[in-house]
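Several structures are given next for inspection.
Here come two complexes built around subunit A, the first alongside subunit B, the second alongside subunit C.
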Partner chain A sequence: MRALAILLRLAALVLLVTFIAAPNLFAPVFQPLTTYDAPAIYNQGSLFSLTLSHLATVFSAALASTVVAVLLGIFVTRPSGLEFLPLSRSLVNIGQTFPPVAVLAVAVPLVGFGEAPTLIALFLYGLLPIFENTLSGLTNVSPLTLEAAKGMGMSARQRLLGVELPLALPIILAGIRLSVVINLGTATIGSTVAAKGLGEVIIAGLQSNNTAFILQGGLIVALLAILIHDALMSVERIVARRLGQQPAGAAA
Partner chain B sequence: MIEIEHLTKRYGNTTVVDDVSLSIAKGTITVVVGTSGSGKSTLLRMINRLVEPSSGRVLIDGRDTMSIPEDALRHRIGYAIQGHGLFPHRTVAENIATVPRLLGWDQARIDSRVDELLRLFQLAPDEFARKYPQQLSGGQQQRVGVARALAAEPELLLMDEPFGALDPIIRGKAQEDLLAIQRRFGTTVILVTHDMEEAFHLGDKVAVMDRARLLQYGTPAEILVHPAEAYVERLVGTADRPFRLLSLSTVADALEPGPASGQPVDKGTSLRDALARMMWAGRTEMPVVDGAGAALGKVSVAGILAHGRQPA
Partner chain C sequence: MNATGSKGGMFDAATGRPALFLDRLGAVIALLIGVALFAAPFVTYRANRIVSGEGRMMWDSVPIAMAFGLMALSVAVALVGTLVRHRFLRLAAAVVGLVAIFPAVGYAALFVTPPDNTFARVSPGTGFWLLVFAFALLCGDSLSRMRLGPWMRLAALGLAVAAVTLLLTSGAWNGLSLLKEYANRADSFWVEARQHVLLAVGSLAAAVVVGLPIGMLCHRVPSVRGAILQVLNIIQTVPSIALFGILMVPLGLLAANVPLAAALGIRGIGAAPAFIALFLYALLPVVANTVVGLDQVPATVVDAARGMGMSKRQRLFGVELPLAFPIILTGIRIVLVQNLGLATIAALIGGGGFGTFIFQGVGQTAMDLVLLGAIPTVALSFAAAVILDAVIDMTKGARA
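Moving on to the complex of A and B:
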């Protein structure tokens, strides 16, 4: 069962790498989806470099979301920041409910076309899962454990770095994973405002009514999402094991 | 020497601890006993300043605890709580090493101290040092909790219902361990419990609290024989009183000269246990031996009963 899962992932990875490195090998597969002799494989740029830009955009946005959401989560769970909890929750929720397309529309007049508006949209969209998970991770630490830590003379800083954050880490990582996976798909809309990414392939397909293009763009994004999801899951499992926890889902 | 002077804690209009004064001798076990809500835990937590007193002060060896930075104060005072509060993400060895690490001990010293404590608590270092708390039984977790509290060789150990979550058999064992370890290190222990039996068994001195006030502070025998208030008398149990008194003395206290037949009893056995054995065996006398098995004399039912009589 386990070997099969690894094999499947390996196959997906090989397929993905081959496809973005040498897409023309797959031309015969996509040919039936085109009409009027249109090109079967995206030909307005290298799929490889588009994939890299796509990943760069998603991961820079995730990094920014992580830094802001985790710091905010820490701040509002300290005694001094407790009163800002409802406010931060509302702000982060707005970031999630405001559609990324609308964010793009608002951001373009302010920062111009290109990567910047996409980064802003993804950053806002990715905050909520990380922030909420940071909160629940930090608030779920047993009060008894914290009482013991305090009673042994650990300072607030030592308790945060040595007890609270390590115990919350697996949950925070799950939030980061959710955020990254959601934004891998969402990032495609960045191509409407001229950000380099896999959305270009899909949009080109829509404009020229070329199903093969649409499918190629979608397929690469989907494979990326599955593989990155799995990779982050393994990271979480390793971290959980290091922290002495039974990894979620594993039989005890 | 720990001196608690007029310690009071108020939350708004509620007084949780009301003007409590106690003087605790070095190297003794003091048990604070009371029902829940009596203020006993708050009293304990004011000693290591987890709760700041509203008024009054605590002196340790003559030094006001308010003059010591709170974290530094807590490094010097061991603290063990019910349900142990172990760090689930750290191994047993790392848990025990917490305070020594905060104090910046070198690794060799930490390792040897952890090793010593594990052995002392009958946890084989090879087997347990690298385990995580959730891989241990309740009794083992509790022992690690106490070991952790003792790691930095504190002179004072505070224990808040440390054995409350354990089943009776494991609790009995944990109490014996505590007595043995306290004798070995000479640590001053202040322990909070609601269990009268535990208080009389462990305490050199017992402090009885009710509704924020300290009702009586004395040796177990004093509290049994001269309860200060009706409430204390009820708490110690009028029916159990003679038996409790017997459990405070050992066979050595009721030793009589002369031979007796039957299974010998060790001189360290409590009179209560000795009486129980004689009743069970249907005897009126038993021979007494010391730790090496040498005959010392005998003990009789009449002699034991005299120890359970109300003193004149």
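Moving on to the complex of A and C:
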């Protein structure tokens, strides 16, 4: 069973890499989906470089939201930041009710067309899962453990870095995984404001009524999301095992 | 989201503390207000709806006496935010601030527009939005510190809706570009609004009808659970615009080959693929939360019900589902907020909704048209979140 799962993942990875490196091999598969002799494989740019810029956008946004969300989570669980806790929670929650398209559209006049509005939207969208998980990770550290750390003479800073953060790490990682996977899909919308990414392929398909393009773009993003999801899950498992805990996302 | 609030308590007004203190959030708010008043334009003036605009500071946007009044008021709100601890006073200050600046920006539009000029457009500027953000921050902070019950939160929402309705129907904002865009499209606005809500709520209803039984099945038969949740998880990874596009194919074929489907209005483009895509995205949260909700019903409770002679069916409908209900509702809340946002994408495939205005606006670089689509969407999602959070709290309260 386990070997089968690994085999399936390897197959998906090989399929994905072959497809973005040499998409024309797959032209016969997509040919039946086109009409009036339209091209079966996206031909307005290299799928490989589009995939790379898609990933670059998602990961730089994820990095920024991780830094901000974790720092904010630490700040509002310290005694000096406690009074910001309820407010920061509702703020991040409200941020989530903004549809990504609206964030993009409002950001365009401020920062121009291209990658920048997409980065802003993805950054805002990535905050909530990481922030929520940082909070629950930090507040779930048992008070007994903290007392013990205090009794050993650890300073507040040592407790945070040596006890609280390591214990909260698996849950924080689960939040990062969630936000990366959501953003891989959301980033495609960025192409409506001319960001480089796999959304371009899908939009080109929608505009020229070419289902083969839509399917290619969609499949690459879905495969990427599944593989990255699994990879991050394994990282979480390794971290959790080293800490001697149950992995946070074990049930999912 | 207000569940873990016990820590905020120590900052409540405590007797014996000095009356004067410095609130750090208030300091942030005061800083925002300062920037909004002295470093950011209150309104933006444009000669027509597409050209880029020039900012007007507050003292250039309204009569000078009124500008002084507004500035004094804003500074007063900033002072209350920084120095006053009393929660009701803070809330009152924030509300007064909001009630003052919303009509003021409408008045500024009339004041700035040259007489008889129908091409000029005036939109709220950065300064206005910063002021709104600062006041709303103070308002939200005092409301969340008061920890209102669900009914009070619904009442607050009702008041806010009434105030906005009054503002829009009174004509105080008619000079603003946003309402001029609306006036040009009043009919299609309500058509798209209806379409947007139908798409979001209808697909949610369908997902609940289908998802609840699937969730119960997963709970009963653990061997299918992994497979079903895995499939639903994979659907979530397909980007929305791709899913919308991919669904156009089978629906187009269906409409071309089955006359009944075409007669029902199912077509390759339009609302049908959007509806199905939203439905598919909605399934995972509904099913997953039903499973989790049913799983956390204590086995002893189910045993007791069995001991009372309840049949399997009675146990399910009389005991298990009611106990799982708050968690199922949480799933429904996630779906509704997500659907209201995602429905904007439907416009890309001709499905209508507020996205129509957003994409038209992006295409014409007409910011106010974008806002005409974006603001109602955000308002709907926000109201849906507040209402469902209140309902979830009520069901939890009823159970306890």
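The criterion applied here is as follows: the second predicted complex is superposed on the first by the 245 of 252 C-alpha atoms of A that agree within 3 Å, B and C clash if a C-alpha of one lies under 4 Å from a C-alpha of the other, contacts with A are read in each partner's own complex, and residues count from 1 in each chain.
FYI, a contact is a pair of C-beta atoms (placed from the backbone, for glycine too) under 8 Å apart; a residue touches a chain by one contact, two chains touch by 3 or more.
These numbers come from a predicted model, not from an experiment.
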item	value
Contacts of A:166 with subunit B and subunit C, given as first, second, both or neither	first
Subunit B versus subunit C as contact partner of A:217, first or second or both or neither	second
A:181 touches, of subunit B and subunit C: first, second, both or neither?	second
When both partners are placed on the shared chain, which of subunit B and subunit C touches more of subunit A	C
Contacts of A:145 with subunit B and subunit C, given as first, second, both or neither	first
Subunit B versus subunit C as contact partner of A:106, first or second or both or neither	second
Common ground on subunit A, meaning residues reached by subunit C in one complex and by subunit B in the other	none
List of subunit C residues in touch with subunit A within their complex	1-2, 4-5, 7-8, 10-11, 23-25, 137, 140-141, 144-145, 229, 233-234, 236-243, 245-246, 248-249, 337, 340-342, 344-345, 348-349, 355, 358-359, 361-362, 365, 367, 370-371, 373-374, 377-378, 381-382, 385
Interfacial residue positions of subunit B with respect to subunit A in the complex	48, 50, 70-75, 79, 81, 83-91, 98-99, 102, 132-134, 145, 148-149, 158
Contact set on subunit A toward subunit B in their complex	142, 144-145, 147-155, 158, 163, 166-167, 243-245
Complex interface listing, subunit A residues touching subunit C	33, 82-87, 89-91, 93-94, 96-102, 104-106, 108-109, 139, 181, 184-189, 192-193, 198-199, 202-203, 205-206, 211, 214-215, 217-218, 221-222, 225-226, 229, 252
